[in-house]
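Everything on this sheet refers to the single structure shown next.
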Amino acid sequence: MSVWLALSPLLAMVATGLVAMLVDVLVRSPASDADTRGDLAIITTVGLFASAALALGLWGSGPSVALPESLGGVVAVDRFGLFFAATIGLGGGLSALIAGGYLAEHGIERGEYYPLIAFSCAGAALMAMATDLLVLFVGLETMSLAVYCLAGFRRGSRKSLEGALKYFLLGSFAAAFLLFGIALLYVLAASTRIAEISEALRGAAGSSPIAVLALVLLLTGLGFKISAVPFHMWTPDAYEGAPTPVTAFMSVVVKAAAFAALLRVLLVAFGGTALGASVGWPQIVAFFAVASMSVGNLVAIWQKNVKRMLAYSSIAHAGYVLVGVLAAWKGAPEGRAGVLFYLLSYTVMNIGAFACVAYFGRRDAEAVHTSDFAGVARQHPAAALALATFMVALTGMPPTAGFFAKLYVFRSAIDAGLWPLVVVAVLNSAVSAYYYLNLVVTMYMRSPEPGAPVAQPMRSGAIATAIVICALLVLHLGIWPSRLLSMALEAGW
Amino acid sequence: MIPHLLTALIAVPALGAIAILFCPRQTPRFLRYFAMAVSLATFGLSLYLLPGSLGRAGFRLEETVSWIPSLGIRYHVGVDGISMWLVLLTTLTTPIALLASWESIQSRLKEYLFSFLLLESAMIGTFLALDLFLFYVFWELMLIPMYLIIGVWGGGRRIYAAVKFFLYTMAGSLLMLAAILYLTSQYDTVAGKASFDYLDLTRLLLPPDTQLWLYLAFALAFAIKVPMWPLHTWLPDAHVEAPTAGSVILAAVLLKMGTYGFLRFAIPLFPNAAHTLGPTIGGLAIAGIILGALVAWRQPDAKKLVAYSSVSHMGFVMLGLMAMTTAGAVGAVLQMLNHGVATGALFLLVGVVYDRRHTRLIEEYGGIAKIMPAYAAVFAVIMLASIGLPGTGGFVGELMILLGTFSAWRAFEMPRLFALLAGTGVILGAVYMLSLYRRMFFGPVRNEANRTLGDLVGREAICLAPLVALVFVMGLYPRPVIARIEQDARQTIEDVRAKQRLGRDLTEARLLEPGELSRTGESIDLEVPAPPGVPGGGQ
Amino acid sequence: MITLGHYLVLSVAIFTVGTIGFVVRRNLLVVLMSIELQLNAVNLALVAANRFHPASHAGQVTAFFIIAIAAAEAAVGLAIVVSFFRLRHTVRTDEADRMRH
Amino acid sequence: MPGLNEISLRPGAPDQYWLLLPIVLLPALGALVNGLFGSRLKRDTIHTLACAMVFTSFALSVVAFLQLAALPHEARHLTYRAYEWFTVTLPAAFGSAQDYRIPIDVAFRLDPLAATMLLVVTGVGSLIHLYSTGYMAHDESPGRFFSYMNLFTFAMLVLVLGESLPVMFVGWEGVGLCSYLLIGFWFDKDENAKAGMKAFIVNRIGDLGFLVGIFLLALSLGVLSFPEMEQVAAHAPTQLTKPAFDLSFSLFGWDIAWRPAIATIAAICLFVGAAGKSAQLPLYVWLPDAMAGPTPVSALIHAATMVTAGVYMVARMHFLFVLTASGMAVVAVTGALTAVFAATIALTQNDIKKVLAYSTVSQLGYMFVAVGVGAHVTGVFHVVTHAFFKACLFLGAGSVIVAMHHRQDIREMGGLKALMPRTRWTFLAATLAIAGFPFTSGFFSKDAILWHALARDSGRYGILPPILLTLLLAGAALTAFYMFRLYFLVFGGESRADEDTLAHIKESPSSMTLPLVVLGALSIAAGLLNPEALHALGLNVPLTFEGWLAPGIEEGVPAVGIAEMRKPFELPLVGASSVIALAAMGFAWIWYRRGPSAEAERLAARVPGLYALVLDKWRIDELYEATIVRSLRWLARAGHEAIDKLLIDGIMVHGVAGAVNLTGRVVRLVQTGRVQVYAMAMALGTLGILYKLAVPSTDFEARVDGRSVTVNAAEGAGYEYRWDFDGDGRWDTQFGAERRAEHRYRKAGRHEVRLEVRNAFTRSVGEHEVVVRPGRRRR
C-alpha cells in the first residue's frame, strides 16, 4: 500500500486545514463574509469526517498497515491509531460544525479558526499514531499550539485570554517535563523509538534511577494533557474561558490524543518492565484515577457555570478512563478496548453537551450559568431533551453510550481484579448524578427568576445538526454498541 | 397466541411514547386518548399471558436474541407465574393512572404522557428481563420518567423529593451494577464464556463470603426500592410530592421492583448469603412494619400516612421473602399484588379529595362520609383491604406470609417471635388506617369548605372500580392467582434451599451441573435442628 | 573525565532552575524565559547523550526539533501575552485570576 | 407416629348440602342491595328486604335443623363445600420430605353445635331486625343500617358455619367489622366513631392471638378444618401434646423448666382471640364503649350473638382444649374473674346500657367458666339462654330509651311500669332470668355452670373448683342485685323525668314489643330445654339440649368427667344459688324500690375512693391509655422525629450529602485562579510521584501453610530484598533480587516478619505479622 494511502487520514486532516486556509485567503470577499465562513465550517467538517471515514476505510487492511522503510517506523498505521484518528476526526468535525453556528452568532468569525482546528486534529492523530517519542511530541505540540490559539480566540474577552494564557503557560511547562522525560529515556535507550525504549527498559536500564525519573516526568506531562489530578488545575479555567466549541474540542480531541499517547507510552514503553509492576506506574495511575474521579465530581457539584461544571466533569471522566487504563495494564484486551470505547462515547456525549450549551446562547446572552437554563424545557423542548439526554449519558445511565462505556470499563477492571477501584468509581458516578441532573432539574422543573428571560437558542442549523448527530450516536452506542465494541477490541498496536 | 408477545408488551408502550413525541402539542384531547389507547392495548396484550400459564414451573414465552456477543449480553425475556402477575398489575395500573390524571395534568401534557408510557415500558421490561444487563437497563430506565413525573408535575417540594428519589435509588443501583459485573466476571472465569443471562448465572455457585458482598450490593439496591427500613425516607417525600398518578404507579408497581428483585435475583443468585443475612433483613423488615405503622399513625398528611403504610406493608413482603418458605414467598408475591391494588387505590382516593380541596392534611377534612357517601364507602373497602380484613386480598397474603415466617425454622432462629412481632403490624395497621378514616370521614363536618364537596364522578369511579373488584376477587377467590404463583415460587425456594446446601462449604466458585439441584434429595436442612414441637424435627 | 552523569546533573540543575523560575516569578516574560530554560536543559541532555550514543544522531535531531518547536511556542505565547497586555495593561501572571474555584 | 395418610382426611366429594348456601348468602344479598341502592329505596322496601332476608334465612335454618336432627347421631353433619379458597404450602410437616400442602376450602358445615348457634343467630336476629324497623323508624339512613345488620348476620353465619378455622376467621373478623360499622353508625359524633374504632382495634389484638393459634395448629396438625383437626387430635394427640418450646434454665440453683404443650399454647392463643371477641379480661374494655351504637345493635351484636362467638369457638375447638388442663384453667379462671369484676362495675353504673353491657361481660365470664371446665354443653346452653334474656333486656332498654327521647341515665327514669306495661313485663321476665330466679332459663343455665365448675374433675384442677364456685356465687349475687337495681330505678318508684319528657312517654309500637314478648317468653321458658337442676331435685326431666349437643362436643373426652365424689353437693348448690339470688333481689328491693337509694349513697360516701374507682370502671381504660397507648405514641414520635428525620434523613442522608458537599467545597479552595499555584501543584505532584516511586514499597503477602510461610514481596524497579523471619533484628537472608522466600517455623504462634527493600534511591523496611497454627495444612 502506498504510504499516501496509509497515511491518508492524517493527510486528509492536513489537507483540510490547507484548503480551509486557502479558501479563507483566496475566496473570501469582504462582501460575503458570512457565506464563506459557513462554507469554511462545512469544508472543515466534511474534511475531518472524511478523514475519519478514511481511517475506518483502512480498518480492513489488517491489524497494521505496512509502511515503507523510509518512514523509519516513527509512525504506525495500526488499528489502535486508526480508531483514535477516527474518533479525533469525528470530534474535530463536530466541533467545527458547532463553531459554524457559534462564531457567527458571537461575531468572532475569523477564518483562521478552521485551519487551526484541522491542524490540531492532525497533530492529535499524529500523536495517536506515533511510535517514536519525538514524533509523538511533535504531534502534541502541533495539536497544542493550535488549541492555545483557539482558546484565546475571543481576543476581546478577558476570560478567554486568561484561559488561553494559563493553558499556554502550564501546557508549555508540562511539555517541558514531557520532553525532559523523553530526553532521559533517550539517555537510557539511545533511541526515541518506543519499541526500542521498551526493549532497553526490560534490561538493566529498567532499574536505573534515570528510568524512574523519566517515568515521573512523562506521567507529569501526559497527566497534564488528560487533566488528571493533581495536574488538572488549568482545566476549569481554560474550559470556562475558551469559546464553547473550542472547549468541546479540547475536552474530547485533546484528551483522546493524550490518552492514546499515555497508553502507548505506559503500556508499550513501560509495559513488562519493572516500572510497570504494581508498585510502578500502575499505583500512580490508580492514584490519578481515584483522585481525578473524586476531586472532579466533588468540586463539580459546586459549579454554577455549566462549562466549568463540565470541565470538572471531564476531570472525573479522565479518572474513569484511567480505571480502564489500569485494566488494560492487567493484560486483558477488554481493558484497552474499554478505554477506546469510553473515549469515543465521551467524545459524542460531551460534544453533544457542549453543542447544546452553545446552542442556548445568543450574542451577548450566552447561557453558561445553570440558572440560565431555568424553564428552557418548556420553551424549547427538543433542545432541552437533547441536553438532558447528554446529561443522562454523562451520568452513565442506560440506554446511552455513557452507560455502556462505563459498564465495559468497569467490567474489564473487575476482570482484572480491580474491584476496589470500581467501587470508588460507581460511588463517584452516584455523586455525579447530582450535578448532571441538577441541570435537568433546572431545565425541567424550575422557572426562571421573575423578570429573567428564558435562554433563547440560536437559529443555527449547523449546531442543530451536530446535536442530532451526537444524540443519535449516544443512543446508538448505548443500545447497539456491538459493532464499535468489536472494533475497539480489534484495535491493537 | 401472539408471536413475540413479551417483546410486544415492552415495545407497544415504548413505541407509543415515541409516537407521542411526534404528535402536535396543540391537541391535548387527542394526546390523552392516544396514550390511553396505547396503555389499554398493552393491557389487552398482557391478558394473553394468562392462557397456558398453569402447569409447569419455569419461564414461558422466552425470547432470546444475541445483543452484545462479546460480553454474552442477550435480549432475553421470559415470564413465569410470578412476573406474569406483576406485569398484569403494571398494565392495569397504567391506564388507571392515566385516567386519574385526565384532568389534573394540564401543563406539558405531551411530556407527561411520554414519561408515563416510557415508564410503563421500562416497568414491564424490568419484570420480564432474564438477562441481568437487560434488567439493569430497564431498572435504570424506570428512574428517569418517574423522576420527571415527580419533579415536573409534583407538589411544592417536588424538586427536593425528585432529587432525593433519584439519588437514593441511583446510589443503590450503581453498587448493584458493580456486583452484577463482578458476578458475570466470576461466571466468565468459571464457565469460560461470558454471559449475563439469568439462567446461566443461577447455575453459578459462589463461596459464601463472596456471596455476602454481592448480596449486600444487590440487597442495597432492592432494599432502597422496596423501601426497607431504614432506607425508606425517600418514599414519603416522593409520594407526597408526586402527582396522584405518579403516587399510584410508585406504590402499585415501582416498590414491587425491589421485592421482585429480591425474589428473582438476590436470593436465587446468592442463596447462602440470603440465608445468613435472612434474620438481619427480616429484623429490619419487622422494624419497618412496626415503625412504619407507628409513624403512619401520627402523620397529619394523608398521603404521607399512606406512604408510611407502604413501608409497613412492604415490610411484610420482605419478611415473607426472608422466611424462604414456599408459603412465605407465595404470600409475599400475593401481598405485592394486594398492596399494589390497595395502596394504588388509596392514593387515587386521596387524590380525589386533593383535586377538590388541594390539601392533603387530614385535619382539613372530617365528617365527609355524610357528604361523599360513595367515596366513603369505596374508601372503606380499600382501607379494609389495606388492613387485611378476611375476604379482601390482604388477608390471604398476610396469612401466608405470617404462616410462612412462622414455619421457617431454617431461616431464623426465632421465626415465631418474628411472626408475632410482625403480627403486631396487623394490629397497628388497623390503628392507623381506622384513625385516618375516622379523622377524615367521621365526626361532625367542621370545615365549611367540605360541605360542598361533590361525590365521586364517573371518571373517578371508573378508575376505582377495577381495583375494588380486584380487592374482592383476590380475597374471595385467589386460587387461580396463587396456583400460578406457587408453581414458580415453590420451585424457586426449593432451588434456593438446594443451592444453600451445595454452596455452604464452597471455597471456590463452580458451576452447577445439569440436574444437580434436583439430585440433592431431601429438603430438610439437617444442620439446624428443628425445635421440638415442629413436625418433622425434635423429639 | 567528564561523563554523561556530569552533563545530566547540569541538565537537571538547569531544568530545576527553570521550574523554580516558572513557579516563583510573576512576570509573564520571565515565566516564558523559564520555559526556554527548561527546554534548553532538555536540549543539553539530548546533545550530550548523543555524544555517548554515537550510532545515530537522534539526540541532535531531537534537539533541533525542540528548538523549532520552542520558537513556535514562543511565537504563540508572545501573541497571547501581547493580547493579554492589550486588554489588561499588565504582564503579571497573578492578575489573571478572574476565573477560580 | 401415625402419619396423616392413615387417616382419611379428605373424603371424596361429600354430598353437598345446598341449603346452607341460601342460609348464608341471603343476608349478604340483602346487605348488598341495601348497601348499594339503599339511598334510593323507600324505607319500607328497605325494611321488608332486610327482614325478609333474615326471616327466610331463619326459616331455612329451621328446615336445616330438622333435617340434621333427622340424621343418626354419628352422621349428624351436613356440609356444603363451595370451592377451594387457597392452599398454604408448609415445609415438611410430619417428617415428610415433601412440602406439606394445606388446602383451605370455602365450606360450610352444619352440626348440632352449629345448628344451635344458627338458630339463635337467625332467630334472635330476625326478631331484632323486626324490632329495628320500629327503633330506627326515623333514622336518616336506614339503607345503611339494615345493610350493616344484614352484613353482620352474614358474617356471623360464616363464623358459625365455617368448616375450618380460616373460614371461621373470616366471619370472626367480619362480625368485628360490622360491629365497628354499627357502633360508629352515628358517626357524626366523635365518641361514637372512637368507640367503633376501639372495638375494632381491641378485637384485632385478640385476633392476632387467634391467628397465632391457627398457625400453631396448622403446623402441628397439618389440617385446619374442624372435622379433620378433630380426627387428627383424636388419633395422634401427641402432635398436640408435644412441647411447643423448651424454656429451661437455672436461676440461683433453681431449675426452672417450662415446656408447655403445643395444645396449651394454641389453646391460650385461641382464647386470646376469644377474650377479644367476647370481652373478657383484659380485653373487655371495648364492649362498654360499644354501647354508643344503636340499641338493636347492642342487643344483636353485643349481647346475643357476636360476643358469644368466643364461647362458641372454644366449644368448637373442644378437642384441643380438653388436651390441656392448664389451657382450660386459664379459660375458666379468666371467665370467673371477669364475671365478678364486670359485675362490680355494673353495680355503680347509671347508664342503662352500660349496666347491661357490664352484665354481658359478666355473663360471658360465666360461659367461659363453663367451657373452661369442659362443660361445653352447659356453656353453650348459657349462650342460648343469655341470647334470649339479654336481647330482651337490651331491646327493652331500647324501648325505654326511645320513650325517654334518647336519654339513658337511669337516675332520670323511674315509674315507667305504668306507662310502658309491655316493656316492663318483658323486662322483668328477662331480669328474673338473668338474676337466676328459680326455674327461669337463666336459673337453669347458670346453676348448671356453678355445678359443673364445682364438680368437674378435681384431679385436673386441684383447688380451683371451690375458688371458681365462690367467685361465681359472688357474681350471681351481684348480678341479681344490680339487675334489680336497674329494674327498680327504671320501672319502679316515681318518675324523675322532666315534665316535657314525661308527657311524651308512651309504649313502643308493636314492631318493637312483639320481639320483646317473644324473647321475654323464651327467657322464662327456655330453661326447660335442659333443666339440669331439676335432676338434682330428683325430677327426671329429659335434657333435650344435652342430648342434642353432647355427643358432638363432649363425647370421647374421658379426661373431663364429673367427679362422682361431688355428686352429693348438687342439691345444696341449687338451693344455695337460689337463696343467694333471691336475697340479692330482696336487698335491691329494699334499697331501690322507690328510686335512688340514700343507703347506697351513704355506703358509697364511706368508701369514696373505692366507689370512684368502681364508678370509673377501675380505671382500666386510663391504665391502658397511660401505658400502652402512650408508649406507642412516644414510639411513633420517636420513630418519626428521632429516627426518620434526625437519624436517617438528618445524619445518614443529608449527612452524607453534606460531607460530599463540604469536601468539594474545601477542595475547590485550592483552585485560586493563579498560574503559579497551579504550577506549584504540578511540581508538588511530580515530586510526590517521584517520592512514591523512589521509596521502595515493602508490601508483601504471606501464605501460611502448616508451619512454613511463603512470602512474596511486591515487584519494583531495581528492588533487592532481604528478610528477617523471626523478628530478632538479624537478617536471615542477604539482599537479593528474588522476591519470594520461604521459611519454616519451629514454633506455632505469632511471628514478626520484617522485609527490607532497597533500590537505586534508598531503602525501606516493613513489618508484617504472621500467625502460624500448628498442625493445620491447607487443602
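Per-chain numbering from 1; labels A, B, C and D assigned in written order.
Criterion: contacts are C-beta pairs under 8 Å (C-beta built on N, C-alpha and C of every residue); 3 or more make two chains touch, one makes a residue touch a chain.
Since the structure is predicted, the reported quantities are computational estimates derived from the model, not experimental observations.
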item	value
Per-chain CA centroid nearest to the all-protein CA mean	B
Between subunit B and subunit D, centroid-to-centroid distance (C-alpha), Å	31
Rounded Å distance, subunit A centre to subunit C centre (Cα mean)	26
Subunit B and subunit C, separation of their C-alpha mean positions in angstrom	65
Interchain centroid distance [CA atoms averaged], subunit A/subunit B, Å	43
Sites on subunit D at which at least two other chains make contact	668, 671, 673, 675, 679
For subunit B, residues that touch 2 or more chains besides their own	167
For subunit A, residues contacting two or more additional chains	165-166, 169, 173, 177, 236-237, 302
Pairs of chains found to touch, sorted by chain label	A-B, A-C, A-D, B-D, C-D
Residue numbers on subunit C that touch subunit A, as the complex places them	4, 8, 11, 15, 18-19, 22, 28, 31, 35, 38-39, 41-42, 45-46, 49-50, 53, 55-56, 58-59, 61-62, 65-66, 69, 72-73, 76-77, 79-81, 83-84, 87-88, 93, 96-101
Of subunit A, residues touching subunit B in the complex	334, 377-378, 381, 392, 395, 397-399, 403, 407-408, 410-411, 414-415, 419, 422-423, 426-427, 429-430, 433-434, 437-438, 441, 444-446, 481-482, 485-486, 489
Subunit A to subunit D touching residues, read off their complex	165-166, 169-170, 173-174, 177, 206-209, 211-213, 215-217, 219-220, 223-224, 230-231, 233-234, 236-237, 273-275, 277-281, 283-284, 287, 295, 297-302, 431
Subunit C-touching residues of subunit A, taken from the complex the two chains share	134, 137-138, 141, 145, 148-149, 152, 155-156, 158-159, 161-166, 168-169, 172-173, 175-177, 179-180, 182-184, 186-187, 190-192, 210, 236-237, 240-241, 302, 308
Contact set on subunit D toward subunit B in their complex	35, 39, 83-99, 106, 166, 169-170, 172-174, 177, 180, 184, 187-190, 192-194, 196-197, 200-201, 204-205, 207-208, 211-212, 214-215, 218-220, 222, 239, 242-246, 262, 632-633, 635-637, 639-640, 643-644, 647-649, 652-653, 657, 779
